[in-house]
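The data blocks that follow each hold one structure.
Here come two complexes built around subunit A, the first alongside subunit B, the second alongside subunit C.
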Partner chain A sequence: MIVSELLLPVFVVLATLAVGAYLVGVIDGAIGAALGAPRGQSAWLAPLTQGAWLLTQQANTTEAPDWRAWRLAPALYLALAATGLAVVPWSPTLIPTDLTTSVVLWGSVEALATVVIFLHGWSANTLLALIGAYRYVALGLSYILISMFVLIGVALPAESLQFSQVVASQAEMWNVIRQPLGLPLFLIVGLGMTFWGPFNLADSRDLAGGTASAVSGPPRLVWNLARAAMLVAFSGVAASAFLGGWLGPWLPGPLWMVIKMLVVLAVLLLIGRLVPRVQPERCVTLMWVVLLPLSFIDLIWAGMEALL
Partner chain B sequence: MDYPLTVDIAFLLLAILAVVSGWRVFCTDSMVRASFFLLVSFIAVGVIMILLAAEYLGVAMFFMMAVEMMVMATFMVMFMMNPAGLNPMMMVHQHKFSIAAGVVIFVLLAGVALLAEFPTNPLPADLDPVTSLGNELLGDSMLIFESAGIVLLTTMIGVVVLSSHRGRYGGAHEGSMPPGLVPGGDPAGMPKEDEEEGGGHHHCH
Partner chain C sequence: MAVSWLSRLAARARVPVFPALGMHGDTILHRLALTPGIELVDSPRHASILLVAGGVPPDLHEALRRLHDQLPAPFATLWYRSAPLSELAGDLRVDDPEALPEALKRLHRELMSGRRDSSPRLLPDEPPNPWEGLGDDGHGGEGMMGGVPYGRPMAMNMHDDIRDGLTLDSLTVTLGPFLPVLPPGLGAKVTLQGDLVQSWVTQLAPYPIALENVFHEALQRPVPIAELELARARHHLQRLAFSLRLSGLEHLALVALRLSRGLNVESRVGRLHRWLTRCGFFRLTAAGRGRLEAGQARRVGGIAARAAGLEEDLRSRDAAYRRLGFTPIVQRGGDTNARWRQTLAEIDHSLQLACRAEQEDLYSEMTEAVETPRGPWDDYRPEDASDILEDLLPGLEWDEALTTIASLDLAGVSEWPLEPLSETSLKDDEERQA
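Coming up: the complex of A and B.
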């Protein structure tokens, strides 16, 4: 009982966290090399080399930082990614945490991520990190709202707030077809919440690295790892909410999940490499004026479909 | 009721965390830290609610309090004389009154906990708390909850409109001008206006 209820779920989450974050580095490097980025060593080794290099570097310090918050923030972001992965179902029986309100728990992970990212930039007590932190807070609220409406949309046909029920409700038709607006909106939220690619506004180059501008060494490694892990958690949630999770012919459920998560990750990383960064002011307008109304339409669409 | 011993241990640890972080709110010297200590306290209470099988309310506590504390910290920094919330400041005031109020409220709540007669009729084991909560919120009580929600929203917007009319540096319709470092002095941190005409261009030559 201890093995099946405690050790196995923890092992599944930790293994996905570690392997997934490593694969994010590999796929991102491979896409970069294919698009003509300067090629160093093989894509398989590059993330490990970079991690080892960060591990041996000295941890930077600033003038009077809030030490506890500064060191805790990357670890907390990683813990939030782990919490997010814990609600992702791998098969009808293999679910690390089958909470009846797991969709809402994922929403809380997104909300708490705002706090953690803000804390990471705020506690460094330097200018550019602070600007990155406030920038994320200004944008984070719109990410949370869009994500919430889209996820209520997938909870409607399942008549449940449980991810396993959401997956089961897609047996006839996946939500990506039933609610065509849902997955694109959710992927944009994913890029925003991990500040990746076009929506990298908290840790962007124009802020010399933003919230991570004054972080080096092992804390930086944890921060980079946590961002990649959060992207993995996002792909897991997107695969269960929109791509039918473990459902699929011939192969066993967990394998289908792996394939779907890898596809979502590849799409996210490709967007990250291809699309230029959005200006922060334009990003706020884009979120509130274009994408949030689109998420309302998605929810109305889902509601009409559930009624018919 | 039978439940594993771990539930008791978890409850005790979470209760200690909630009380200690609640106490730290008043000891810290920064508004941002105070907000997030309060958030930790609320999260511990949320987990206790999940232990009590209130699965929706407990999880709702996480995201509501996360956004609420984030917005609260931002607003406090915006409206108070403390740039970015980084300067140390005293977080407590009106000591005598607040100590008296704290003692009275503690005695009242402890009295309720000790003296009240709580209902003992057990609910059926297959009752789904999420469904029954949804029926309650969006069923008979919908009008009450929705009107309360609208009133709260209107109040929040009204408060922001009223208080932002006059900001830190004067009326909202005037130009922002920081106060002087000495009473009646020149605005702090403002460069001297150039005397000559077209002063904005002279440094180009």
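Coming up: the complex of A and C.
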């Protein structure tokens, strides 16, 4: 009882967080090297050496930060990533937390991410971090509705708000085919909530690192880890919602999940490197004027398909 | 034991270097960006080494001290072609660009292994201005209504919003002169509402930029047109690389830098242009803000002028260029988008001119004036035009403002030419470092 309902779920979530975040570093480094970054040390070692350096670096202070919020924000973002991973089903039986409302829980993770990222930028009490925080709120408000419509779309054929049911409902046909608009829209949501690549409005180079511009040492390590972990959690949810989760021939279910999550991760990281940062105003316009109507269409499509 | 294991691992990390640029310091960054094992970071908080590259004018020493103290321990400072501050006279100074990467790596290793102490703090750990807030929580000057705690005005809702009527508190801050997203040396007092620039006052002009010697020679005697045009293309490619890095296209920035380092008359820029178009650079990032009026465009000169439709190019007065069939390229828009299209078109044009000029062994014929990459140099060198930012930037969002600044070449031209770096080929350099 204790093993199956407490120890195993906690172990699965923590192991996925740690290994997944490391793999994000490795894959991103490998993509960077393939695209022509100067070849230094191996991609396998780079995340570890950078992590070690951050552990040896002093955690700095700024002038009058909101200490509690500043130190808590990276940990909260990591906790949100862990919460998201906890509802990702690995097989019909291996599910850390099989809530009947797990889709709703994931929605709340997306909404709370906006709060936590704003907190991270605001509490540093420095200019560039604050601008990053402001910008992220604009982005967060924009992607959240798109995400909701897309996720309701996958809940309709399953007639359930439970990710395990959503996966089971894809036994005949994966949602990526059944609702062709869904996955592309959801990937954009993922880049938004992890502020990665084209939607990196919060921690971008033009803000010298944005909400993380004034952070150093272990808190920065936690923040980087949390961002990578959120990408992993997102890829788990995307694989469950659109790519049939554990479903697949020959291989065991959890292995299929790993493969599908790695594919989603690789696609996100590749987009992150290949597409420039979108100007914030253009980004918000794109979300409300183009992507939100598309998510309506996706939902109507899903509804019609469920009725027929 | 555990600590030494961690330190050994940390010593193997890519060396995070924050560059504080002095005069003509930016050229070494183009080389460091391509050096394996070195990472140029954007915030002093993310660095293990402060690299002061180029001479820092004495009036910026106080700002340099403040910057120095922002690096978290353990850190070290390395002076490249720059005299260390008097308090740091014992610091390592390197003048040889070949030796710089290894010196940076060695410093990092020594810091991590504990063989070198962290650089000392230069300023007392207290706010630069005294606390002048009032009230129990100390957050206000006069009650809740403002005042100047720590010498800065409170974020106050004193200005009407100039965008959409959503009024946020205005925040006035000083930026530069070492902020890496601005041209080296540029300092400004900026009032922001959210991420919207309300006002911009340029307080410190950017350092004059050094041009390659061939532009200086062209005013003394005829010089090979191929050489002149290759130097022009190199200058623009390096500016483009800066802008691409700023917009998150690191790999294309490296493509531009590699192209600029190995540039010859056979080089072509068409592939880079296609990649930029496909990835959405012109539509998503350089999306047409920062439009210059004709007067402003004429004042800035060069690419900015021609991107705004002014057909002004001294090359068309040179008989040798006319023999090559030279006519200036112009764009209509005058905004960021038009400036980058113009830049790419001019790089391409320069490479074609260089190719033909080399075949025909053509030399420039006009020595009383030269069209530099920064604009026309006739009786006077191109002068600093950074004060146009005061009219140009208000009303733009932070991202648009920075994209606009990056697309403009505003600094004046230095009276001294660029000191040539050694001729080591890029490939050798990268292989040796790897």
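Note that the second predicted complex is superposed on the first by the 308 of 308 C-alpha atoms of A that agree within 3 Å, B and C clash if a C-alpha of one lies under 4 Å from a C-alpha of the other, contacts with A are read in each partner's own complex, and residues count from 1 in each chain.
FYI, contacts are C-beta pairs under 8 Å (C-beta built on N, C-alpha and C of every residue); 3 or more make two chains touch, one makes a residue touch a chain.
Since the structure is predicted, the reported quantities are computational estimates derived from the model, not experimental observations.
Of the two partner chains placed by superposition, only subunit C is touched by A:Gly40; subunit B is not. In the overlay built on the shared chain, the residue A:Pro74 is in contact with neither subunit B nor subunit C.
Looking at the shared chain after the overlay, A:Thr101 reaches subunit B, while subunit C stays out of its contact range.
After overlaying the two complexes on the shared chain, residue contacts for A:Leu161 are found with subunit B alone; subunit C is out of touch. Touched residues of subunit A were counted for both subunit B and subunit C, and C has more of them. Contacts of A:Gln50 after superposition: subunit C is touched, whereas subunit B is not reached. By the touch criterion defined above, A:Gly182 lies against neither subunit B nor subunit C after alignment on the C-alpha atoms of chain A. By the touch criterion stated above, A:Asp206 is placed in contact with subunit C alone, subunit B being left untouched.
When both complexes are aligned on chain A by C-alpha atoms, subunit A residues 130, 134 touch subunit B in the first and subunit C in the second. Residues 6-7, 9-10, 12-14, 16, 34-38, 41-43, 45-46, 48, 70, 72-74, 112, 127, 150, 171, 173, 179-181, 192, 194-195, 244-251, 254-255, 258, 279-281, 284-285, 287, 397-400, 402-403, 430, 433-434 of subunit C are the ones that touch subunit A when the two sit in their complex. The touching residues of subunit B, when paired with subunit A in their complex, are 30, 32-33, 36, 39, 55-56, 59-60, 62-63, 66-67, 69-71, 73-74, 84-86, 128, 130. Taken in their complex, subunit A has these residues touching subunit B: 66, 69, 99-101, 104-105, 107-108, 110-112, 114-115, 118-119, 122, 125, 130, 134, 137, 140-141, 144, 161.
Residues 32, 35-41, 45-46, 48-50, 52-53, 55-60, 63, 127-128, 130-131, 134-135, 197-198, 200-201, 204-209, 213-217, 220, 273-282 of subunit A are the ones that touch subunit C when the two sit in their complex.
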